[in-house]
Structure formats: C-alpha cells, structure tokens
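Shared between the two complexes below is chain A, which pairs with chain B and chain C, respectively.
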Partner chain A sequence: MSSAPSPDAGSSVPAVEMHGISKRFGDVVAVDGVDLQIGDGEFFALLGPSGCGKTTTLRMIAGLDIPSEGRLAIFGEEVASWPPDRRPVNTVFQAYALFPHMTVAQNIAFGLQMRGIRGPDADRQVAEATALVQLEGMEHRRPSQLSGGQQQRVALARALVNHPKVLLLDEPLGALDLKLRQEMQVELKALQREVGITFVFVTHDQEEALAMSDRVGVMSEGRLLQVGTPAEVYEHPANRFVADFIGRTNLLEGVTEGPAAVRLDAGAVVAAANELAVGSPAALSVRPEQVRLHRRSEAPAGAPCLDGVITDATYLGHAFVYTVAIGPTAGASGTHAGERAATITARSETGSAALAAGEPVSVSWSPEATTVVAD
Partner chain B sequence: MPSLRRAKPAAAQSTDAGPDTPPLLTPAELAAQRRKRRTGTLIATPGALYLLIFFVVPLGLITVYSFATRTSTGRTSLSGWNLNSYERIADDVILGIIARSAWLAFLTTVLCLVVAYPFAYYLATRPPRLRARLLVLVMIPFWTNGLVRIFAIRFLLGSNGPASALSEAMGFGTFRILFTPTAVVLGMVYGFLTFMVLPLYVALERMDWRLVEAARDLYASGAKAFWRVTVPLTRSGIVAGCVLVFVPSFGSYVVPEILGGAKTLLIGSYVARQFQAARNWPLGAALSVLVIVAMLVAVAINQRNSANAERTQGVTR
Partner chain C sequence: MPSEPRASRDEKSQAVSTLGTAGTKRSARHLLKANAWFVFAFLYVPIVVLVVFSFNDSERVNVWQGLSARWYGEALGNTQVISALRVSLIVAISSTIVSTVLGTAVALALDRYRFKGRRALDGTVYLPIVIPDITMAVMLLVFFAEVFKLIDTIGPRFTLGVTTIALSHIAFNISFVAVVVRARLDQFDRTLEEAARDLYATPWRTFRRVTLPLIAPGIAAGALLALTLSLDDVVISAFTAGPGATTLPVYVFSSIRQGVTPELNAISTLMLTASITLVVASLALQRPRSTTP
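The block that comes next holds the complex of A and B.
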C-alpha cells in the first residue's frame, strides 16, 4: 500500500520513514512489511483492532522493540538499531507509566536530568511544561494523588518538556471516561498545533482517529492496509477490512461485471466504478447515511434501486436506523435462482416521516457514494 | 473489637446524609457482628495460647533474670534487683564482641544483597513457569538440616578440603580461612541468602517494567534506569531482606561456633557461654534483652518501610 503524500512530505525530510519494517516474536509476526512516511508536523493516527501491530510499530519508532527487518529513519537518520535513550522521540505510554516514587515535578524533570540539564534552566523548562498542560499547583503531588486526566497531563508534560522531534502516543485517552476523552481530544489537537511537533497516535477507536488526525494508517494483522486523510479512508476504503472497520457500512456481496458495474448476490446490477478484473468477487460498500429509503410506489427512476422490506426500525433521537431485508426472501419482483438475501442498514434524519417494520420499501443511493472493495 | 470500630465511621457517615436516619445498626446486624467476632476469637485461641506459653512467658523470664543477682556460687538469686548486668555490658570486652558481631552481620547483609539482587532480578524476569521451578531450587537448602549444611561448609573450606585443593591445583597454594571471620561471614551468607532472595524476588516480581521502559524513553541509559527507577521501586524488598539477614546474623550462634575460631567470639556464643560455662544468667539475660531490642528496632524500620511502600503503590496501573 503506497502512502498518500502528506502536505509536508514533499518539501522536507519525513519525520518518520519506514521501509519493509517487520517484527517477529518467535513464530508470531506482529508487524509485517510496513512502508510508511510520516511528514514533519503531521498528526498521524495508527488505527486498528487490538493485536494488529500498531503498538509494536510505535514501540519500534521509540526503540523499545528492535525491528526484525527493514529500515527505519527519523528525520533522515537511520535509527533502527539505536537504543531508546539515543532517539529524539518521547512516548506517552498507555496507562501513562508515571514514576510513582517521584512527584509531578520530578517526573517532568526526569528526561532533562538524564540529558544533564539541571538547575535554573531545568526548573524553568519544567515550569513551562507544567503550565502548558495546566498543572500549576500540582508540582509536589505524587501520581497516586492525581485523577486519571491529571496523570495523563503529567505524562504529556514529561514527554513534551524534552522537545522531542516526534511524540509517540500509545492509546493515551483509553483510560479516560467518555466526556474527558472528548475534551482531551480537542485539547491534544490544539496542543499539537501549538508545539508543532509530529504526533504519532495509536488508537483502536476509529472515531478518535478520524476526529484528531491529519492522516490515518489502518492496520490489521500486522499489515498497513491503507494510509490517507480521514475523508479518503472513510469515503474510499481500500478493501473490505477498512470499509468495515472505519465507521458503519453495508457490504453487499457480488461479482464485478465490468469497470462500471457490479452484479449483487441479492439480485440487480448496479453502477459502481471499480478497477477489478471482470468477474472477480467484490463487495459494494454503502454507508448507512448514503442510503435513501422510498416507499415502494415512490421509487425514483434511473438510480440503482433495490426492493426490500423493513425488518427493524431503531430510534436514536437525532436519527432513525432501519434494517432493510433485500433479495429473494423479501418478496421483491424479478428474483432469480441463486440469488441470496442481504440486509441493508439505512439511516435517516428524524425529521422525515417514520417508517414502520414490515413496510415494503425501495432503497437507492448515488453511485458516487459507493466503493467497490475486494478482500 | 476492630470490626465494631470499623463499622462506626460508616454509620456516622450515613447519619450525615440525613439527620433523621434511623439508629446505627439493627439488632440482626449486631448479632451477625457478634457471631463474626466470636468465630474470630475461637480460631485465634490455640495460636495465641501457644505464643503466650512458649514465647511471651520465656521472654518475660529473661527480662526478669536480667535484673537479678548472680551469687558467688554462680546461682541466680531472684532478689536484690539491680542494673549491674546492664552496666557490665559497657565493659570493653563485651562492647568489642557486640561491635564485631554487628560488623560481621553488616558484611553478611551487604554480601547477601550484592549476591541476591542480580539473582532475584534474574528469577523475576523469567517466564512464570520457569520462575516457579527456580524458586523451588532456592527453597531446597531450606528443607535440609542447617547443622549438616554448615558442617559441609566446614569440610569445604578446611585446609584439606576441596576448595583448598582446587586453589593448590591452580597454583595459588593452599589457604586457611576456616576458623577466621571470613569463614563465619561466608557461612552466614550461605545460611541467610534465602532470606534476602525471597523479599527481593517479591519486590521485583511486582515491579512494573513499563516504568523502566519509560525511563529508557526519557534518555536514561540501562544503568541509570536501574538506579533511578528499579532500585527505588524495590526498596521495600531491599529493606526487608536486609532486616531479615542482619537480625539473625547479629545473634547467630551455630555458624560462628562451627566455622569461627577462638578469636571470632560473637554475641550469640557469648550469651550461650553465660548461661552454660560462666553460669552468669543475669548477664546472659541482659545481653539477650539487648539483642531483642535491636531486633525490634530493625523490625520497626521494616514496618515503616512497608507502610511507605503501600502508600506509593496503588499507583498508575
């Protein structure tokens, strides 16, 4: 998977550059041939389910794991075999890993001390970092006396005080409750703009990744499947996994019938641009919010239209989510042998007239709103 | 009583919630509490009786004897209570023995720490299944008769023993360390090493290694991360191990008797001599009291230390 160029990647040396990076633990391949460029000043999210290799990738950038294979450069310097203390990167660890036997100020000063910065200069930098994360007045507390959100800020300050060239964040918001997490998302984003440091952010939360990052890399089973802006990844997923993992989607199984059409297993041939060989199995990804529902009699002519029956309607406050059964069992006209039933999830604003379960409907979408994905 | 005391603040809190809350505990709750307390007393009784008869009473007797008088025939007269025995401790000979005992105990403790820390570190960083097996190996000497083990060492260190023979074969000549303080320290290190390994192992096993990674990420070399993070976080194990080794080394009797010479008279042997050959029970008792007090101080240090450790734990996990 080639990475899309970032805004800065062309103009300067990339902050992080990986070529064919793999990591094996015994027989287990944790990371499998990752190629990736992260631009200077970028907010980059590595996204994937647990066990997909995203944390291992981050740890290799930090130097906590050494790659089994491949090249790894930080601002042009080949660092793959360097120990962590030589690398110009710092990490905000999952669960923070604050030193329990040190105060907040001592935690923050640790990196400076280790680099031989002491005295008034160190004090000033610690004070700046403390102010940056709004922890003034907490300097003499122990980590155990702080709330989760405050501990998170200490972890940030402890890393940022060293002015790393790249800041690595391993699920930094995972331990916070929902409301605090959302606040910290906004704050972290603002902080990144303020300090201008490249952030590499590992998360399994796709909403978090989309909301915060300039670009997202989606990983699964050790492989980097797609890299792109949140919009690119959401609207044009590279394969079935990405389509399914990022947001909710309907995956309608079928076979390609040419560069512009797919024959769905549920019947009907629909227009859908694709670059696959004719006759290859593929799935059509349609986001629920792109699906339009019509009463059967009001179906628009021309647009791809599938007949179905509403099997479930869920009220969410701001929207309805409908499940529509399409294909042979739904009693749609003109079905053929071998066609299989499918369900489509549709989402509509609450303002529109509510439809009830059992109602026969037609579903449609604009061809541009769909992506054809293979495995 | 403790269960009742614990219940009270909770009840007080509930009355804070509203002034009209009904009384603290219902009769059913009180009955349940009484039953619980009765069960607690019942199961603790045999142990408490045993300790009372075989520990508290002799300890009391020793304390009483330390204030008694030694008659000219060597009998102890339980009258004319005085502090003469304690005053005799200030004698140069006895102070010398105490100083030597403390010094050898100190050396033993330091050696044990230096030997046990890397070993416990190794143990604690193995995969869990291997850990369990290695721990059993550590415990095996414990299940062997101590006296036999010390006599084995005596044979090992003797001038005709294997160690000396090996040294001679390698061209260093025979050596004589049996019946010297060196032999006593070696024997005590061997005898008490387990007491150092186990608390260190426990502390290192509980260690959150992610903190070491964090230190490495913050520009600490491996050595600096060890001194600044691993050592402070295993302090409770270090202190516990040192106390557990120092205390028995200081009062040690068997090892110096077997491996030490006439010149390495330690307080344990000296006390034994007072009760046996010298027939001076009050002096022996007074010295025992001194050793016990020293031990209590050490235990108090250990207690405070583990309380501190408790406070810094429950941390960022």
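The block that comes next holds the complex of A and C.
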C-alpha cells in the first residue's frame, strides 16, 4: 500500500490523520480499521461502490458520526469526540442541504453568524465567497429558485466562506447531469488550487476520482484497500477488487509459478513479477489498451504470445474494442487437461488496420504493463 | 380550450357505456348528480337557515319578520353570554398555548429519539383523539374528584372551574397538536440540521434557526386546530365546568332547553364564523408552501 506524501504537501503535519478508525451501527460494521493520512493542501478522493463506508468515513471527519474506535486528528488535534460545530472543517452535502427558508446570501452568511462574525466584515466575506463561485446577482434568491448547478455553487460558497482547514465533499457532483458534471470537475479542481484548502472528496465514480484528485483511497466493505496517486492505483492495483473497480481490465486467472511467472488457466506461462508464494491462485490484470493484437501470420517472433480468435469487434469512433477468446477452445495448440477458456478485451486506435470477428490472432503485452493481483 | 371539457365528458360517457345501455347510462348519471346535490343540501341548508334566521327581526324563531341585526346586539348585551365568552376565550387561549408547547415537544421526542417506552407512548399519545368525548369527560371528572379529595386533606379547597376546563382541554389538545406537528416533521430533511451543525451552530441554535422556522407552519396549524377544538367543545367542558364558570357552547346548550331563541341563532352564527376562519387558516398553513418569487 502506497502512502507517498502528496506532491504539494505544505507542512509536515497531516491535514487529516486516522488510526484504526472503525464505525459500527449495531451489528453492521460500516468502517473497519481505517488508517489514513491526508496531506495539507491535498485533493484526496475516497472512492468505492455504494455502501463501502466512504461517506461514513467523511462524516466522522466532519463530526456527524462519532467513531466507535480509533484516533482521528485534524492538523494534529485529536478531534474524535468533538461535536461538529467545534471542528475546523466544513462539508458540501450530497443534496447540498441548503436552508430553504433563507436566501443565497443568508445561507452563505450562516457559518459566519454562528461564529459571531457580523456587520460589514461578514458582508464583505459573503460577497467574496459569492464572487468566488460566480453567483453575483443571485444573493436574494431562494435555493428553490436556483438550478442544480447553482445550488451546488451556493453549497460550496457556504462552506468555503468559513475558510475551513479541510473541505469535505460528499458526492458533490452526483446530482448533476453529465455535461455539467464534467464542467464542475474542472472548476472544482481550479477552485481547490486557488483557495489551497485540503479537499476530501467522496465519490463512487472512478473516472471522476482519477481525473480530479492528487491521491485516491479505494474502499470496499468498510476497508481502505489501497491509497496512491491515480496512476499508481490504476497501473498497480493492490488487489483484485481495485483492479476490477478502477477502469476496465482483463483479469486472467492462474497460479503463480515463481517470482516472475504465472501459469494462466487459459494455458500459458507468462512473465509477470509478483511477491506471492509459489503456487498461489492469482489473477493477471492487463488493461485493454495495453493488449496488442496481431494477425496470427504476422505474430512478432520472440514476443510472448497467446493465440486466440476474435469473437467480437466494436467500433467506437476513436478506437476499436475487440473481444478475443483464448485458451483450449480457441484452437491453441498443445491443450492440457484442466485448462479453461478465457476472453480478453483489447482496445486499439482506429488508425490501425481493422480486424474482423472470426479472425485468428495472437495476443501479446509487455510484462511491465501487467499486475498480478490476489484476493 | 372550449373543446376540452366536452372531450373529457365524452371519455367519461364512453367509460360508463361499457356498463350498460345508453338509457341506464343516462339515468345513472342523473342519479349521481342528484345525489351530489342532495348531500350538498343536507350539509349546508341547516347552516343557511341558521344564518338567515339569525338576522330575523322576530321574537319567535320560526316566524320571519324582516332583516335586522337586532339579536346580535341583544346577544352581545347579555352579561351571561359575555361572561361565558370570556371563560371560553381564557380556556381556549391558555389551553392552546400549553398544548402547543407540550404537543410539539412530544412530536419532536417521538420523531427523533429512541427511548424506553417510545413505542408505547407513540401508540397512546393519539388515544384522546379516538376515545369518545363522553368517556373522556367522565374520566376527567372522576380524576379531578379524586385529586381534589387528596388536596383537601392537605388544606386548600379546590373546586371545578376555569382551571379544570382548561386542564381538560390541554389533555385532548396535546394529541391533536402532536399529530399535526409530526406530519410536518415527517417531511423535514434532517441533513439540514447536520448542515447547521457543520456550520458551527450549537444544537440549540440549530433548533432555533433551522428546525423551528421550518416546522413553524405545522406548529401554527396545530395551534389553530387546538384553538378551534377548545372553542367548540361542549361535552368535556360541561362535565368539568364548575358552578361559576360556563363556556359559550355549554351556555348555548343549556339555554336551548328553554327553547331556541333568535339570540342563540346569532351566537351560533358568530361561533360558526370563528370556527370556519380558524379551520381555513389551519388548512392554509398545513398546505406545502408554494415557491413565490
């Protein structure tokens, strides 16, 4: 598990530090022993399917849920038992939770008022926050009179006006349509750079997490499975779940044959570095864009190749996606007992020659492009 | 636009025609229409008669002599009526205030907290709504008698009066307020409270600034309902009223034994107007607020 500090970590004290944090609701374990450090100024994404505990983790940082176990510090201060109103963090809620009986300006001023900041000083800060999220002219509207994107901006301004040490965002883009979501991704990232505040962002959308964050933490069933930069998580998934959840991948089942080789169930021994004990069941993860396809007759000599047959070819405009059957039924020579067929998805740029379904092909990849993952 | 009603009428008659021939279809429609008018008349003709005859100039209720507001003047000049009205207002206002506070607190507790006996309380808090008035009245009378016996042994003498009427009204009004406020709380989004807490509001300020303003229409509706029920109550008030303290409805009920007078018509009309106003206001408050720019 990688825990490299973020590239722009400002101070040595982490913004958020968790040690053995667990949360149980009755018999249900929502979060199970999470250790995590988030650096100052980092844009950190907590990624996982719904029900994986990512929102509960965020709520514990906010103080809306109190951990059952473990230590939680914000900039070095132990806050695990503090109520939310004492914590130097603010939250952008999933459905924004704007106060319907207040105007935009009153919503934004709420946190300032609660901290006793009133008068011209508060007005100036509200105006600044309104400008920051480009909502000038909307100050006197009610939330119900705003579009989803505008409500999102109010929620951001309402949190940022307080200059929190950490901004927590719970699926902030989930309620927006695709186009607006992509615009807001860019905007949110620019905003984070501008204000320099640590952002902790919860999402179930892996593309969003990879695109926006400095580091990603992948969660499943209450556990934090892997923490790393988007590239680390994508290229070197720590286990089968992460490999499968982050992007598309081919998981080829097999058994390790040593620190540098895996015997695939589909019937070939391929080079693949791993740290597992010899003979452990494992899967080889190969990203579709790393798979190279050759007509069988044109297979490069010397390269490790698997033989297969194209069963499906899909044209996507900028690329082709091929499904290739490999293994015993695909006409590969030298079939052994116990070998099982598998399919590989491959992607290639449209510029290369198109291959048709039914065509016999050779499949290869560079060993560095693969990762061996266990359960 | 003008063709639309006809189109929908055609659809309806088509739907009805599957039930029978054209003849039965037509008579069924006429019967339904007649029934609607009959129900309407059944409900409102007595009210119209009451209101019209309250403006009758005659000494006798059933003889029309001409339009006049004379009986309104007589009613308002009658010291017994005025003193009964005073008792009614004191009871209604005090019981409304107390039951609104307590009913709202009950609704909040039932909505938010999981405590021992919550389910039992949840089931029984609405009991006063369903038990018959007469049962409640007897129950309260027996209760007060026992309590007074107990207090008498200590010293001060208590008797039935304004206080006991007010206490009785509080007893049933709490339930009605709790029902109305809880309906409002069901629609309340608790994340708004979390947002307030996240924005540095203490629990109390969260309640004052976020929860209370958003459930206020429900509380106001409950209060108006309580006020109406208190002003209209006869049975429970009659049982718990002492010799010196009569509410207006109880006064009307006891006067009617000496025959209906035009004065009673006038009082009843005034009470009707007050009730309708309060109920309409209560309904208007319970309606989800439409967004106005």
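Please note the rule applied: the second predicted complex is superposed on the first by the 368 of 375 C-alpha atoms of A that agree within 3 Å, B and C clash if a C-alpha of one lies under 4 Å from a C-alpha of the other, contacts with A are read in each partner's own complex, and residues count from 1 in each chain.
The definition used in the following text is that a residue touches a chain if its C-beta (ideal position, glycine included) is under 8 Å from a C-beta of that chain, and two chains touch if they have at least 3 such contacts.
What you see is a predicted model, and the numbers here were worked out from it, not measured in a lab.
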{"item": "Overlay on chain A: chain C relative to chain B, clash or fit", "value": "clash"}
{"item": "First (chain B), second (chain C), both or neither touched by A:Gln151", "value": "first"}
{"item": "First (chain B), second (chain C), both or neither touched by A:Gly70", "value": "neither"}
{"item": "Which superposed partner A:Gly33 touches (first chain B, second chain C, both, neither)", "value": "neither"}
{"item": "Which of chain B and chain C A:Phe99 touches, first, second, both or neither", "value": "both"}
{"item": "Which superposed partner A:Ala62 touches (first chain B, second chain C, both, neither)", "value": "both"}
{"item": "Touching partner for A:Pro49 - first (chain B), second (chain C), both, neither", "value": "neither"}
{"item": "First, second, both or neither for A:Pro367, with chain B first and chain C second", "value": "neither"}
{"item": "Touching both chain C and chain B, counted on chain A across the two superposed complexes", "value": "62-64, 83-85, 89-91, 93, 95, 97-101, 110-111, 114-115, 142, 144, 158-159, 162"}
{"item": "Of chain B, residues touching chain A in the complex", "value": "208, 210-211, 213-222, 224, 228-229, 232-233, 311-317"}
{"item": "For the chain C and chain A complex, residues of the former touching the latter", "value": "189, 191-192, 194-202, 205, 209-210, 213-214, 291, 293"}
{"item": "Residue ranges of chain A touching chain B (in the complex, touch as defined)", "value": "62-64, 83-85, 89-91, 93, 95-101, 110-111, 114-115, 142-144, 151, 158-159, 162"}
{"item": "Chain A to chain C touching residues, read off their complex", "value": "62-64, 83-85, 89-91, 93, 95, 97-101, 110-111, 114-115, 142, 144-145, 158-159, 162"}
